[in-house]
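Letters A, B, C and D mark the chains in the order given here, with residues in each chain numbered from 1 onward.
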Amino acid sequence: MTTATVTRHGKHVLRALGTGAPVFVLLAVVLAALALTDPGFYEPDSFLSFVKRAAPLVILAAGQYLVIVCGEFDLSVGAVVTAGVVVAAELYGSFPDAPWPLVTALLLVAGGVIGGVNGLITTALRVPSFITTLGMMLILEGAVFFWTGGSPQGALPAAFRQLGRGSAFGWLPWAVIVCLVAGAAAMLLMRSDFGRTLVATGDSERTAALAGVRVARARIIAFVLSGVAAATAAVLVGGFSGVSAQAGRGYEFEAITAVVLGGVVLGGGRGSIVAAMAGAFSLQALFTLLNLQGVSGALESTVQGCIVIAAVGLGAADWSRLRRRRTNPSEGQPL
Amino acid sequence: MTAPRPLRGRPLRVRALVPAAALLATGLLASCTSDAPPDAPAAPGSTAATADGPGSGGQSEFFEQAEYERQLALAKEQPQGPADKPWEQMLRPEFTDTTRYKKDTAGGVHLCFSNAGVFNPWRQVGLKNMRAEVGLHKEITEFTVLDAQGKDDKQISDIQELTGKGCDALIVSPNTTATLTPAVEQACAEVPVIVFDRGVETDCAVTFVNPVGGYAYGAVAADFLVEKVKPGGKILALRISPGVDVLETRWSAAEVAFDKSELDVVDVKFTDGDPAKTKSVVTDALTRHGGIDGVWMDSGATAVAAVEAFEDAGQDVPPITGEDQQDFLQAWQDKKLTAIAPAYPTFQWRTPVIAALKILQGQQVPKEWKLPQPSVTEDTLDEYLRPGMPPLHYAMCGCADLPGFPEDWGGKG
Amino acid sequence: MTATGPGPLAPPRATARTRGSRLGDPVAGVWLAVLSVTVLGWIVVAARGGDFLTTTNVVTILQNSVALGLVAVGQSAVILTGSLDLSVAYLISLGTLVAAETMASGGVVTAVIAVLALSAAVGLANGLVVTGLKVNAFIATLGTAFILRGWIEDNYTGPAGKVPASFQHLGYDRVGPVPVSVFLLAAVAGAVWFITRRTRLGHHMYATGGDEHAARLSGVRTRRTVVVAHVICSLCVGAAALFLAARLGAGAPWAGTEARYDLESIAAVVLGGTALAGGRGGVTGTLGGVLVLAVLDSVFNQLAVDPFFKNVLRGVVIIAAVAVYARPRRAAKGRPTA
Amino acid sequence: MLTMQGVSKSFMGVRVLHDVTLDLEPGEVHALVGENGAGKSTLMKILAGEHTPDTGTITIDGTAHAFTHPAQARDSGIGIIHQEFALLPYRTVAENVFLGREPVRRGLVDRRAMERRTAELLAEIDVTGITASMLVRDLPVARQQIVEIAKALASDVRVLVMDEPTAPLADHESERLAALVRRLTARGLGILYISHRLPEVFGLSRRITVLKDGRRVATLRTADTDADEVVRSMVGRELTAYYPPRARPEEIGAERLTVSGGGNDRIRDIDLTLRAGEVVGIAGLQGSGRTSLARALFGATPFTTGAMTVGGRPLRPRRPRQAIRAGIALVTEDRKTEGLALHQSVRDNALLVTRAVPPRGGPPTGREITALLERVRLQARGEDQQALYLSGGNQQKVVIAKWLAARPQVLLFDEPTRGVDVGAKAAVHTLVRELAREGLAVLIISSELPELIGMSDRILVMSEGRLVGALPAGADEESIMRLATGGRRGGQKDAA
């Protein structure tokens, strides 16, 4: 015991890395490759612009992690992003001079509400979240375009787009700041009591419930946060690239891929949020690399597919080995 | 003795079953009622605006020299018809007799439309045009629209369904050129069919309404760059996604032009029509090639994103080609860009309705109704850019005179 | 979890069972749904002065269920086994292309074999990645999807190939009112039903899906089972591709993706009462699920519902249906929640 | 008949089994005992084909085998009854019994044959009340055990491995099992019997092999040895006093929890009082409502009728949170799915309750947790070790620590030492008594009568959802069983 208490911190770090070790390796490799293909990549502004591009995915991954780690899925984030952008445009269409903080706040709240609905349906009605959020995806896409008659009726003003496009002090993109803040917040959350109970819930719902954890509540909160994260991403994406009827297309899968790439286990209870966000970074870096390498536009997705499978496959392998090594073998038989 | 045997055995069973079923079904029942046309779909040499199918020479299997030249010629010609109503104009019309379709329209006309879908702003603006046009004609008492949501399979069923609905005329906007041919041929037997936008590989339709076409579009854009960009300049070509015939023809035409020029096409990238991805692609291209001297686009959806990418990178926007989409025209005016916006005009959505009525009145219509395909240029920019329209609106909609404009198009009066 | 029966927290079994028998059997449920949706549709349409149950309509409904039906049947095989396949959409696209091109050059039979071989290969790959590399099926098949996509986009620039009239009969002929393709669906569904219900492999699929560890301890070759399930799924997808090729007369790179067959098929399967977790459900339910979606579509068509609003309704229907099935299951599972 | 010669196995470079040799004769019950982690399970898993040994051979009737998949082991005549059943809840009994070896006719599974033979099997091991077409999930645990046995016997087994077969059974059920075991051996089966319950072992076995730290310490003829010797060789020390002394009357204090007329759809007419310093035992057969009672007190499946007070204040908890706030703690029977978050660290598990329901005194500090873990004598690699990899005993200690962190007034134990090895058992017992001394009210539910009798200051007996009697400390098993079985057992006795 005493030995343990001494080295506790060392072990803590080791575990945090251990769970996601492969992703950090991958990230390192890809970043190195980037440095080779494009020496200019690490000049502050070009690197910052890379982070800025990665920001939405990172935030989505953080949100997705919360949902996945408590044993659920959120397929609706992509639709939330699209909806967010379109709705913002629509709002500005009707109220051209609405203050951007208000609109942003509205979006975040709306995102939270959608997440809440997902959570309620999943917990109260016991619909598997895969289906709940899949349905929500259809509903959102349908509803938004039904409302806007197919395409948003307004443009996004520069003020609103600052967050996604502009920079503070002329050099530090707001998106990067938002990303850092969100990331820090997420990490703190996962260290907090709520975070730990959330993970425990994903690990063993019954245990958590019998320990007094309000399982349903915890899950709903996770969904709400995922929704808010998605809305934040919407603000960034909308800001970054303006109105588009397909702003969030495919984001749900990218986010989940990123999280899994980070060594987080679908089904819940295992994996760290840092690794999840690192997964998002690696994914974005990968896209950039493929782009710079000038891989034939068409083949990109093939390469991407292979790398994802390989990385996750390796991850699975390494992961279990790291686990076992630290276990008391005589009892080291997981059930 | 346990698992292995059945496990190996089973797939064989299925592998055998499926084709067996398929062949048996086809073979045994070939004699039964068939909704299919008696023989194979009409061979190439059809009137399809965009040739496709197995490669017919050229550097792209989409490139068809004859069609290419025809379009470039057409682009220069003066269309017949009212100058202020491009959607009623026609190029090199070869009229076809329609008396056999003549019908007493007093009892009201039931017009049907099988739409590929409304999955992009272009089609949404278009559909609004068409509905408004229908509104103009009191004799049209019923207008049925079935939306295939981009599914060829569904559109085939839609067409079959509509032919059974007692329509007086059927307008078809095919989702894919090749795949709808049989269904359309089938419909031709029942009702007068008007095909527009994309073609089908059959000339059974009474008329095929479409603008000059993709080659002209691509060429106009490319020629503009050839003219504006200094020789040896680096060109970035941004395409939506592969496999879309209309877009492929635009690119193949552009390629021809670029090959002839001094310009150096450094990158051809697909953007999936996603502005975010477009910005990334452009930014990366800038770092990779240390600057871009011209941007060619096969459609305007992401033009603004591209422009912004240059701004964000703190570089001047080079000559760029877009489309007649409101946000691009706006940016063009605000930022004083060197640009051109070839159009695939949405006013073509009005024409089929007009054509349908002509047909039902027995008036002759062109076998292929070629509409003009003007481009927005430096000089015509102000005339097309109408303030207060939504960003994804298409300026060349010929809708200014339609009832409910601009509100129904999302604009402000 | 190993089968220590319903957790002691569960409500008494008696109630669980009676509830189960009444509402529990989703298969009955979904066919009931088919019926009610049809009746409702008929009423609504009739109210609008239309006629819903016309031959053309019924034909259209059947016709529209074939492609999704084939995919969903395959999908249910994998889901039963506790896996998942997100690569079906791109496999269909590729399938149609291969079919059409081979038919254009070689014979129909060659094409059929080629497509099925391709499918089997993809299924095998999926299965091996899932079982061998232990990559979660969700990610594994997503990866496959990406790979196929790249392959398609790199090699095809649009509709390609040509399907001879002889083969198009599969897509267009009818026996009386019934489209030939429906027989194909029936045949495939029948085969899969037969495999899952009557053969050892089937039993092992249910076992593996229900509790992989327990199955393995009982001597079931779980890995092989999963692999074969994936192969079966892909073969069904291959069949779907062949049908679509026959219907479209050519190969279309977007045939599978624009129709969202990946998510749609999963929705249909779950709508049919098959548990996403695996181990429970079956083909019969899936067909019901497919029909529900098809009938809904047709009703929407009749009422000229805005295509966007359609999505809203479908989303609601899917969630609602699963919520109904979930109720008895919850009673049986008896998870403790305060 | 069966010989395992010099079997060794390492996981990730650490030896789990050192050169273990074991043989089994036809018609013999060979008991395998040892503390958790001694390597029993690993040895059995090797025999079952779940693991492949690094060295050593398995010989059956002279032919050597190297299993790589359970199927092979089964096909060479080895049947295993797993401690955690390998049953599929949503399949029928027949499907479970023949899982992996379904009878096939013309390539198709022959359901009729399957059900017929299942029925035969069940008849053979004479059980009633199970039909081949029932869903396993509808059977009580004891019945599922039977299915598991039938499953093992379905293939023509010659070696039957029983891993803790009586763990989920109440004593009278255990006796029926014992009878079955004798019948099977009479048919010439060799049985490898793993159990923590020494009386059973002595009642059944011809030989006893003791494992310790992956080594075989001894193989003894049951006739020539006794419990003390076995225990000694198991733990390497004398364990004279199994149970700490009971509470003296003056140590028993105020009422901590009372129930009057409590009931829900599983239990009824519950009148119960738990006092500070007192350990109350609940006896009863599987399904008699013992567990439901504990869960009702804890608000997990609440009372629907009756009155209840906790610490003098009236409170009938509707959900665990309320109970926890009121100072009630429940150590559940099923540690792995209800006691622990297996993939979380020891510390996270110990903190789970206080994180979910912050105690009034504020959440415990890291130091307090460390102290707690030391107090329950946890043996782990450190507070960061995942609970998954602790032995049963240590997992149980973590669960207890988790509850102690919430500073409870009433402690409910459901099967506190199930699947816990002798050493840890003693530790748990001592701890429980200590806690009582500190003024906690303790309730213990146990299928192991000796434990119940050894620990309790008062024993209540449950039957068919009701408390049917109260017995003083040190009551004898006979009278407990008579009450538990509603006197029927006694009746049979007279008849016999």
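Here is the rule we use: a contact is a pair of C-beta atoms (placed from the backbone, for glycine too) under 8 Å apart; a residue touches a chain by one contact, two chains touch by 3 or more.
This structure is a prediction, so every number in the text was calculated from the model and none was measured.
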item	value
Subunit B to subunit C, fewest steps along touching chains	1
Pair of chains ranked first by number of touching C-beta pairs	B-C
Of all other chains, the one whose Cα centre sits farthest from subunit D	B
Between subunit A and subunit C, centroid-to-centroid distance (C-alpha), Å	29
Computed distance of Cα centres, subunit D from subunit C, in Å	43
Distance between the centres, which are taken as Cα means, of subunit B and subunit A, whole angstrom	36
Where subunit C touches two or more other chains, by residue	2, 7, 9, 153, 199-200, 204, 213, 219-221, 308, 310, 336, 338
Contacts with 2+ other chains: residues of subunit B	2-3, 6, 118, 242, 270
Two or more partner chains touched - positions in subunit A	150, 206, 209-210, 212, 214, 297-298, 335
Partner subunit C, residues of subunit D touching it in the complex	48, 50, 69-71, 74-75, 80, 82, 84-91, 95-96, 99-102, 104, 107-109, 136-141, 144, 151, 265-266, 291-292, 295, 299-301, 318-321, 333-334, 337-338
Parts of subunit A lying in touch with subunit B, wherever the complex brings them together	38, 40-41, 46, 49, 53, 56, 89, 93, 148-155, 165, 237, 240-247, 249, 287-288, 291-292, 294, 297-298
Residues of subunit C touching subunit A in the complex	2, 7, 9, 129, 133-136, 138-140, 142-147, 149-151, 153-154, 213, 263, 266-267, 270, 276-277, 306, 308-316, 318-319, 322-323, 326-327, 329-330, 335-338
Footprint of subunit B on subunit C - complex, ascending	54, 56-57, 59-60, 63-64, 67, 104, 108-109, 112-113, 116, 120, 152-153, 156-162, 164-176, 180-181, 183-184, 187-188, 191-192, 195, 199-201, 204, 219-221, 224-225, 228, 231-232, 235-236, 238-239, 242-244, 246-250, 252-255, 258-259, 297, 301, 304, 307-308, 310
In the complex with subunit A, residue positions of subunit D that touch it	10-12, 14-16, 36-39, 41-42, 45, 84, 213-214, 298, 300, 320-321, 324, 330, 332, 336-345, 348-349, 351-353, 355-358, 363, 370, 373-374, 378, 380-386, 388-391, 402
